[in-house]
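Have a look at these structures, which come just after this line.
Consider the two complexes below, in which chain A is the common component and chain B and chain C are the respective partners.
Our next item is the complex of A and B:
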């Protein structure tokens, strides 16, 4: 029994770390633009495909493939910002939201056309390399996923809290006009936010691609989870997102103890509704007055 | 104007009948998506049968109009609607995943078009009182009970776990399998339904492992089944995966060593003993660069053979009305199919079920029949 629970714990931490990294990208964009970018899941999918093509088709090493996935996903995000979100900067809040849904559908269909709907297996050598940690065994790939995600979360926290770029991001998130008056180039900060946020989704895609099966619709379940996490975490709060991401990963993993595998996906929404009922501002309310 | 149109259409029908009759066959199959491999395999088998028939010079030509269903019910019924209304097909062949087959059958039943089902197994397909459906393979209940018997009598399974798709086929199969297995004294330790979108089985395997099943029955698509096999290996489970008709070579390639020892029941294996089967294997190889046919190729082939046989027996005037074709297909008697003789019962379900099953096992990477 101890071994079983420990396996579920580790499984939950791995899943949670992927959810968190993906949701962090979403929450950063939300914090700055006040827009839930529903195309974020497709950025995750693009990252997975980039990693797959670089590694499995072009035969590059896995670290290079991951860097390529970051670049591909960041480019997708920056392009999305320039083509869709920038022209809608002063439009009513609903317009960019709906536009993001449009981008999401567009990217799914683009992937269908370019890469066919047939699922692909993205096999790194780490998938079949089993490691033993205490009493449980798992593939090296899962260990890599967790370590890289944990490092990314720490790095992002450092960037946002300690660097000049992070400071400008927080300033723009707080009050774009005041930030501009203080000499911050809002446009540059927004582009940087999209690049970092999308890069995070891309790296998550390239990391879990080998654990999942790659297909053009793989972004849909992940965006739903990330969306729930962002709301649970408190709309734009980085700490909240990290806590909520791991809570969801662990809840899904341990949820299998009491509910069948087929209904695991409902846990995210049960938690979401529960959070909204008990704490409508999310776990870590960033900007209380705006969200109530 | 109306009269002129009527005259023209009568003329067209007459002229086509007197020269060479063309029979339009709609073919619904998944050519993309998770089930794409099943569709592509059936198509190869069907094309071979059509090619053989058209070369015989009977004065009848079979024209295949295929449509991709992606194993999605809505796509299947839209495609069926198009084939029936726009292309005016005479016969439909199709049905791989049960949910898509069920939704396409509503369209053909309404239009009274005979519909041959090659691969969809849900029991309800031939039990719903549809007079136009003909299925060339055993139904899910028969498949499940056969597998349970195999597990109990031959494979020595004492404890069983199932991981099944939460759809018409999966639930049907699981229920029947579990009932039969329990009546044979097998203990069912876990039944995990999953969604078609489930791609990571790590937590599911963590749940199965402490229950110590001897066999894990996993009637899933190739890729998810391979993921399950690998997750089991990852956590050190040694129980073999068992399946029925859904796994093909793709599973064994993707899962690699994780699939060693897995076994499944199927309806066709290239080691077939019958003359009819051997001839099919040889002809298929010659036409497909030496590739060997499997279950789905045989299903595509036999579906067309049922139609060919009916065409030969019906329509002396070569008009091939829907009624005449339906009647002729229903009267199919001991047709030597590559998967065994084909005779339909009153509901359109193929008879002589016990002889249809072949048990194969992955022996360190090679699929071998078990006698």
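Our next item is the complex of A and C:
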């Protein structure tokens, strides 16, 4: 039993790390633009396909495939920003939301057309390699997923807190006009935010490729959970997102003990609603939301 | 709102609605095609659904993403009542509206303390939970295998005249048309009532509304309940028209369709919502020739509409025509002065 619980703990941490990395991109974009970007799930999907094509089809090494996924996803995000979100900068709040849903539908069906609905799997050499940690054994791929995600989370935290770019991001999030007056190029900061946030989703996609099945609609469940995480954590709060991401991963993992596995996907929303009932601004709200 | 608009415009508005109704009644003979008639039946159901969302989003300014779930609640409730208990459709219809309203009220009670995007995601969460229940409560809903063999609405027996049956497309069309007309009328009544005024004041400025003595929570809850009742009616009609329902039809992403209709129509505008609902029901079918490119084009169209028509059709019409009229100029001037 103790071993089983430990296995659940580890698998919860692995899932949680993937959720967190994906949700961080959403948090960043929300923090800076106040936009709920539903197409972020499709960026994750693009990352997974990039990883698949580079690794399984073109036969490149796994790290190169991951870098390729970052590049592909970041390019998708930057393009999306330029074509869709920039023209909507001063539009009513609902417009970018609906437009992002449009982008989401567009990208899903584009992927369907280009890459067919056939589900794809790719196996890295690490999937079959079993490592033993204390008393539990697990596949090396999961260990890699967790380590890479943890490093990315730490790196992002460092970038946002310590670098000049991070400072300008926080400034733009706080008050875009004042930031512009201080000589910050808002447009550049926004593009950088989209690139970093989308790149994160791309890595997540490429990392879980060998664990999940890749198909054009794989972004939908992920984006919905990512939103639940972002809101649970308090919109725009990076710490909150990290905490909520891991809470969700662990809750889903341990949830198996209590509820039928068919209902596991509802845990995110039950947690979300529960959190909001107790703390309407999320766990780590940095500011109260304005009236819409 | 019609209370403040000139008599001339009220008359024009009434005439336009009557003309639209006349066209709608003559439509089966104009189209003379079962295929297109079926599209208009779906358009009618979509109008009811979108008008419901319009009460929450358009009138009251609350973004609710759980609407498709409530649509499903209406559909499953009605179908199961008729199939399991043998209840007449004519009782199941109001019962499913009431049940959807109850669920909508529960969701509202839990989530209406939240605002803006928080409310949107919380209601989306409820929508997903409802969807998961449809999918997994297999003994009740048959899950992903779909609930089929839903009977058509029971015939209405008029003594001395005969029975009015609903086994043809045309009869279903008139049933849906009647319900749609009622939905439009009720929607207009709500908008022009004191309740409507309260809704709009919450949309414009919730804090100010509260200060003016409007119990905002109660009114927001009322908007949720009314909107859910609309979704329930639409769901019931849908179930007994298509006669087969599956959880996929009520997934969160189906809310997007209604959302697009309300926003493209112009938030709060009933005519706009009706026109946009018809457009967005017919358009994917018209684009059928594009085959694989259809949904790609649909996604792109949403983006284009958002960029070029941010205030929807109603906004466009207002910009083009309303501003030209004397009343429009007066309103502009008043707004400028304020």
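The rule is short, and it goes like this: the second predicted complex is superposed on the first by the 288 of 292 C-alpha atoms of A that agree within 3 Å, B and C clash if a C-alpha of one lies under 4 Å from a C-alpha of the other, contacts with A are read in each partner's own complex, and residues count from 1 in each chain.
Keep in mind that, in the parts below, a residue touches a chain if its C-beta (ideal position, glycine included) is under 8 Å from a C-beta of that chain, and two chains touch if they have at least 3 such contacts.
Fair warning: this is a prediction, and the values are worked out from it, not measured in the lab.
By the touch criterion defined above, A:228 reaches chain C but does not reach chain B. Contacts of A:94 after superposition on the shared chain: chain C is touched, whereas chain B is not.
Once the two complexes are overlaid on the shared chain, A:118 sits against chain B while remaining clear of chain C. Of the two partner chains placed by the overlay, only chain C lies in contact with A:276; chain B stays clear of it. By the touch criterion defined above, A:262 lies against chain B and chain C together after alignment on the C-alpha atoms of chain A.
In the superposed pair of complexes, A:147 makes contact with neither chain B nor chain C. Touched residues of chain A were counted for both chain B and chain C, and C has more of them. In the superposed model, A:57 makes contact with neither chain B nor chain C. Once the two complexes are laid over each other on the shared chain, residue contacts for A:139 go to chain B alone; chain C is not touched.
Taken together, the two complexes place residues 260, 262, 265 of chain A in contact with chain B and also with chain C.
Interface of chain B with chain A (complex): residues 32-34, 36, 70, 163, 166, 191-195, 197-200, 202-204, 206-207, 209-210, 223-224, 226-227, 230, 233-236, 254, 256. Looking at the complex, you find that chain C touches chain A at residues 61, 63, 110-111, 113-118, 120-122, 124-126, 128-129, 132, 135-136, 205-207, 252-253, 256, 259-260, 263, 267, 292-293, 295-296, 298-303, 306-307, 310-311.
Put simply, chain A touches chain C in their complex at residues 30, 36, 83-84, 87-88, 91-99, 101-110, 112-113, 220, 224, 227-228, 230-231, 235, 260, 262-263, 265-266, 268-270, 272-273, 276-277, 280-282, 289-292. By the touch criterion given at the top, residues 1, 3-4, 7-8, 11-12, 14-15, 116-119, 121, 127-128, 130, 136-139, 142, 211-213, 215, 217-218, 221, 252-253, 256-257, 260-262, 264-265 of chain A touch chain B in their complex.
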